[in-house]
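Shared chain: chain A. Partners: chain B in the first complex, chain C in the second.
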Partner chain A sequence: MSNVEAHTVAYVRDTMIAQQSPPLAESGAIRWLRSNLFSGWLNSVLTVVSLLAIFLAVKAIAPWLLNAVWNAGSLAECRAILDGATGACFAVIRDRWHQLLFGFYPPQFYWRPVLALVLLFVAIAPVLFTGLPRKMLIFSALYPFIGYHLIWGGSAWFPVSVLLGFVAGVAAYVILRNLNGLVAIFGAIMAPFAWWFLAAGPFDAAMSAAIPLGLDFVRSDRIGGFLIALIVGVTAIALSLPVGIILALGRQSDMLFLKTICVVFIEFIRGVPLITLLFSASLLLNYFLPPGTTFDLILRVIIMVTLFASAYMAEVIRGGLAALPKGQYEAADALGLDYWKAQRLIIMPQALKISIPGIVNTFIGLFKDTTLLVFIAILEPLALANAIRADTNWNGIYWELFIFIGALFFIFCFGMSRYSMYLEQKLKTDHR
Partner chain B sequence: MKKNVLFGTFAASMLVAGIAQAQSTLEQVMARGELVCGSNTGQAGFGAPDANGVWQGFDVGFCRALAAAIFNDPNAVSFVPLTSQTRFSALASGEVDVLARNTTWTFVRDVDLNLTFVGTNYYDGQGFMVPRELGVSSARELDGATVCIETGTTTELNLADYFRVNGMSYEPVPVDTAAEAQQQYLAGACDVYTTDVSALASSRAAFAEPDAHLILPEVVSKEPLGPVVRHGDDNWADIVQWTLFALIAAEELGITSANVEELKTGSNNPEVGRILGTDGGFGAMLGLDDDWAARAIAAVGNYGELFAATIGDQTPIGLARGLNAQWTQGGLLYAPPFR
Partner chain C sequence: MWPRTRLGQPTGYIMSITNDQRVATAAPQKPAFHPSMLLYDQRYRSITIQIFALFLLMLGAAWLIDNVVNNLRLLGRTFSFNFLWQSAGYDINQRPIEYDSTMTHGRAALVGFLNTIILAILGCALATVIGVIAGVLRLSKNWLVSRLVTFYVEIFRNIPTLIWILIFGAVMAESMPAPSAFRGDNASSSMIFDAIAVTNRGIYIPSIQFQTELGVLPIGPFAPSLNWILILAVIIAGIFANKQLIAHANRLQSETGIRPKTWWKSILLLLLPVGVILVALGAYLDYPELRGFNFTGGLHLRNSFLAMWLGLSLYTGAFIAEIVRGGILAVSKGQTEAAFALGLQPGKTMRLVILPQAMRVIVPPLISQYLNLTKNTSLGLAVGYMDLRSTLGGITINQTGRELEGMLLLMAVYLVISLTISGLMNVYNSRVKLKER
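Our next item is the complex of A and B:
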């Protein structure tokens, strides 16, 4: 049987042909170019036009950037050095970078915000990366107080006495838990307030008098530049997520009163521009406060920005909740989980995972929105750009400052965006 | 104080933040230990923080004089940068004690906004700047021009008025800030840049080729700029007003920061004695002590010295005294008598 073929077919190859490299036009760079850039006449035209546009842009900007002056005391000096040639005057950044970063923070204390930033990364690391030891979360919980003390300074007993309020709340909960669940929650809420109103002030005063401890106090109006953008941005980001989750749950709640409050809050905040809220924080609030009260402007702004971001966050998370199949809720019920357990173990992990792009989107938007503080005359980077231009040495400088500020914001926003992609990748459980 | 308020905030209660007290502005300033002065977010020569974050400028100098008059410390003042949108609300809400920020004295602001303009520390007016190569030498020749104009300011209205009165047309190029206006103007987006003459001068000084640009001789509006306080506290208004007058009168009478100590020991001009507090007890009438004006003058100099140090012709801003000369020199500065 086997030699039938040998008789009917003249030649049969009995060895494999050695592998050959593909034709030149179908391999390497040429193939890539053909398939990606010149795969049809329309794409070819678009490629050529884009290349031309890039070339023209580079041609216009490159000499300006490459011929930059980094060492000069004023714009006039820059111009003298350039001697008529086009060139950027980045000397202004060299001269004023510390102001764009820290505002008018006392230079001898620059280490404090820098340390606060480094510790911030330590504090958020365990939140962002689950591989790290869980004990680090204790430091994360303490970080707001450490960060506050590093940046503002003052008596160290002030953040300590605020912290003790939370400790009082936890203690009240633990003590009352055996008595009755509802009473414990009530106690956990009331105890901190009781502490802050009644005991915190005297405690702070007494301890400060007994053991003076702490860094030099830095006034809020000395804080500016990128530091203020980070303070407002990071605080609002950290607070808006939990508040947003609560609002989203409240909006889905069956309890009419709770639901109404949440809906009204969310719709009111979303219906009002952020700038309006900022103006009311900076100006209107003072009409309602007793005369002579100083209520720190940065604090007011943080509260307003947080409220604003929370409303958006609530809607993003509600989107995640709505995307969950009803079966998930029913499954949680079927397992006999109570409301909070069901949320914590089944609903939220899935809803938040779905919402990640939206959440990070809100974060990035919020962070960039801090530049709006320029309108209420907080010295954020854009306001400082104005102030720097008002110096006769640098009057007339324009793009250099904006490029620097833009680069700073880009680093942080790009970082957030990359992290969100990493997280999505990590949490991906479907098999698409 | 601040701490208590912070505690109150953490407890989410504004009701306990403090008990309302009807204090006069002077009492509030005294209790606080510093003056809060509403200042520009940054205008070259008039008010801007320097490389060390210390506020400098002509309007800033006035606030320092006021702080010196009250506290004997020209640095006992904190500056709150205010935009043109927030300035009046900040003053009305008590965020600042006094506004010294290139603010034009107008009827509506004085009467309807419940503000008190205590005087004029700089007489300005709106002018036009054009590139020399445009070949224009008078604002009357600007028919059909494109004009860079800052929106939401009185200059916008003045511009419309001037062109209508003279039967000319123009095309506005709205801009938001002076910096943007400079960019647009230099890029050729408009033929003419119009704003207050003092701002035009400081803009021009910053150009790569200042001589290629011309500020036209016509001044089309009156812009008396001066410090502002709230309605309703006349004693405080008096303090601010007479501090300004003391600086102006000091120049007229030849009192300078250099000779103020010497003149305090004796001067044959009785008015000098009354200003410097050796005679008449005028400080006590204001609720200050008698050295108040001497301290203000010692801190920043008299009006002429302050002008020369911040915006005068020896500075990069390079403004001539013009209308801001003493009345004896053909200007408009005229302090009422100290009597």
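Our next item is the complex of A and C:
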């Protein structure tokens, strides 16, 4: 057959034609435009509308930004420099950035919060990135005391004496462990309290008298600005995760009474606005404490914000626990693990991994909620913006302050959400 | 965590059960109760822990109540809600129901409550519209549009609500023209369609008025206008009749295979009665008008309300957009392909195949966004919106000094609102939930 074909076919091409470039409409920028911007009439309309919107926005904002004045002592001076043209007056940021960041913190001590922030990054680095040496976690554990001392100052022996309480707890556990497990736990709980209530005060006084060591004390009401947002945010974030885990476990528990307490607590906190809780902290706490006692407003706020965030955290983690297949629980039981071992080694690592997006969202929400402190007279950035506006020099300035504060919040929140995406990618074990 | 003593326990315990079972017929042997079992036996330990917790809880509660009683005694106060019946003496600018400063604190709280509810409902509605549109557009193949929407979502999600509310408040108060700019022959501002005036004191829109007033229906503290009740009743009746019509059409279709044309009947049923009743009552639009230094007539949307409404809706809308996007992405691509293979058009694919499945993923987080928005209405104080928090939780508490009672009442009201919303939405959720058989 092939012979016949060879005779009948007059021409057979024996070399390939060189490759042609695709038609102009199917390549390069034109193709991209056609498939991405003008693929149909609806898309074309959307594209044109968006272009128009961008154009109008740029037209409105660009001159304002381009004419921005950075050097002036007051809004009136800014307007004089601008001479009728529209323009931003970022001079207010230049003039007052230290207030927006630190509140009324004594300027000569600005290095202390800055150092605390730098050390904070060192302390959370080993928590965030597992590649770093594990020994750094020791510093992370010590950081709360260092950070407290750097920001508030006072006698260095105060944080040391508090720290020694925890040391006493660990020591009691280690000593009593060989005796009896339950006694060891009881001892580990009681020893720190015994230390704090009985020995910490005299120890602090004695050591301060013997070796006076420490930084100048800064009162809480002088701390403000972004510093207070970070203090409240970071502390409440760090505390709300463990409390949230405990609440979530309590809600999943078989013990009816414990479960009821957790459900009522979680639903109550989630049912009322944070602002009512903050008001309770500032107004009502005096009713619930023995007559005459009072303690620092920032500490009260941290406690309230922590409780608030931990209720949300509990629900997020409960979602993760519910998403775990039942077989995981049964497998842990089959291995003979007790409740806490099963939670620690099998259940929690998986449940927490599932709930990472929710956990980080709660963190972000918590950090943003620190702006509500403005309502209870804490000098967070928005309160300081009001204070700056109350100054005759800067009366009537809005956008520049909002942009500055908004940008700071955006950087932190956006950073957190990106980190959560990175973590999700890293921990992803399904092969898809 | 609890080594040694505990680890040996379970195995011994299991063996004792099997032994028991084996010899059950011979001699039912129960291990004698021993006090240490309260701690080491799992059956009793949970009871021990719960009783201990109950004890601690009661101790704590007793301590708190004792402190409250002591503090109140020291202050020479009693715990009572009598202040709710005292004269309030302050004005509220946005009044959905009749109110003036001679009325009681309770009445003021009710006005605030209604303002909270109005803001919450309108906010949820607008946030849903914005969120759904943004969520769908973010999935658009149009590069520019999806980038723009991403920008919107990220910038609103990562900056606190309070800042947005203040920004919108400042936009309304600082960037809009004063009413005087509308005056004169060469006014620098003009009304949109001669009907809507956007000023730095708020937005004025036309309102519907009636020539014939049927009077009001007095129920307790409320006095809703009979006109509106009538219109609402007619609308609901129309919707109900339309449902019957569609059910009838469905029945005919399943019997005969031919679906009767219903669209013009639907339009007639829905619109005609409302039109008739509006004409009968002599409804007309009351346009805002510049008189003196300010606009009169029409409906005045105050700056405080607009700032809250826009701020909350755009903020929550960004979250809803992400939820909608996630929900649509969660429906596997095979569903779309299957729908296309069946010959469904893209619109019908979305409506009949994708959305019903996406709703299951969307609804639970949507509920919590609605709850968040409702709770965030309590930020009204920042721009002077007179909601429950500003009336009962603000001025009333300041005037009467009843922090404890006021805050407890405030929390209780918010709790009831939240539980109601989550209850209603849970009912809806259980209806759209996948029925596993």
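Rule of thumb we're sticking to: the second predicted complex is superposed on the first by the 401 of 432 C-alpha atoms of A that agree within 3 Å, B and C clash if a C-alpha of one lies under 4 Å from a C-alpha of the other, contacts with A are read in each partner's own complex, and residues count from 1 in each chain.
Going forward, a contact is a pair of C-beta atoms (placed from the backbone, for glycine too) under 8 Å apart; a residue touches a chain by one contact, two chains touch by 3 or more.
Treat the numbers as computed from the prediction; the structure is a model and nothing was measured.
Taken together in the superposed arrangement on chain A, chain B and chain C clash.
After overlaying the two complexes on the shared chain, residue contacts for A:197 are found with chain B alone; chain C is out of touch. In the superposition on chain A, A:398 makes contact with both chain B and chain C.
When the two complexes are overlaid on their common chain A, residue A:286 makes contact with chain B and with chain C alike. In the superposed model, A:336 makes contact with chain C only, not with chain B.
When the two complexes are overlaid on their common chain A, residue A:177 makes contact with chain C while staying clear of chain B.
Contacts of A:368 after superposition: chain C is touched, whereas chain B is not reached.
Looking at the shared chain after the overlay, A:99 reaches chain B, while chain C stays out of its contact range. Using the contact criterion defined above for the overlaid structures, shared-chain residue A:165 touches chain B, although it does not reach chain C. With chain A used to align the two structures, chain C clashes with chain B at 186-194, while the other stretches in 186-194, 276-284 or 294-302 stay clear.
Shared interface residues of chain A, touching chain B in one complex and chain C in the other, are 279, 283-284, 286-291, 375, 398.
Every residue of chain C that touches chain A in the complex is listed here, in rising order: 1-7, 10-11, 39, 46, 49-50, 53-54, 57, 64, 67-68, 70-72, 74, 137, 140-145, 148, 154-155, 157-163, 166-167, 170, 174, 371, 375-376, 378-379, 381-382, 389, 393, 397, 403-404, 407, 410-411, 414-415, 418-419. Contacts from chain A toward chain C in the complex involve residues 35-37, 39, 43, 46-47, 50-51, 53-54, 177, 180-182, 185, 254-258, 261, 267-268, 270-276, 279-280, 283-284, 286-291, 336, 338, 340-341, 364, 368-369, 371-372, 374-375, 382, 398-399, 402, 405-406, 409-410, 413-414, 417.
Against chain A, in their complex, chain B makes its touches with residues 1-7, 9-11, 13-14, 16-23, 28, 31-32, 40-45, 47-53, 78, 80-83, 85-86, 89-90, 93-95, 177, 179, 182-183, 202-203, 205-208, 315-317.
Touching chain B in their complex are the following residues of chain A: 75, 79, 95-96, 99, 103-104, 154-155, 158, 162, 165, 193, 196-197, 200-201, 204, 219, 221-222, 279, 282-284, 286-296, 299, 375-377, 379, 383, 386-392, 395-396, 398.
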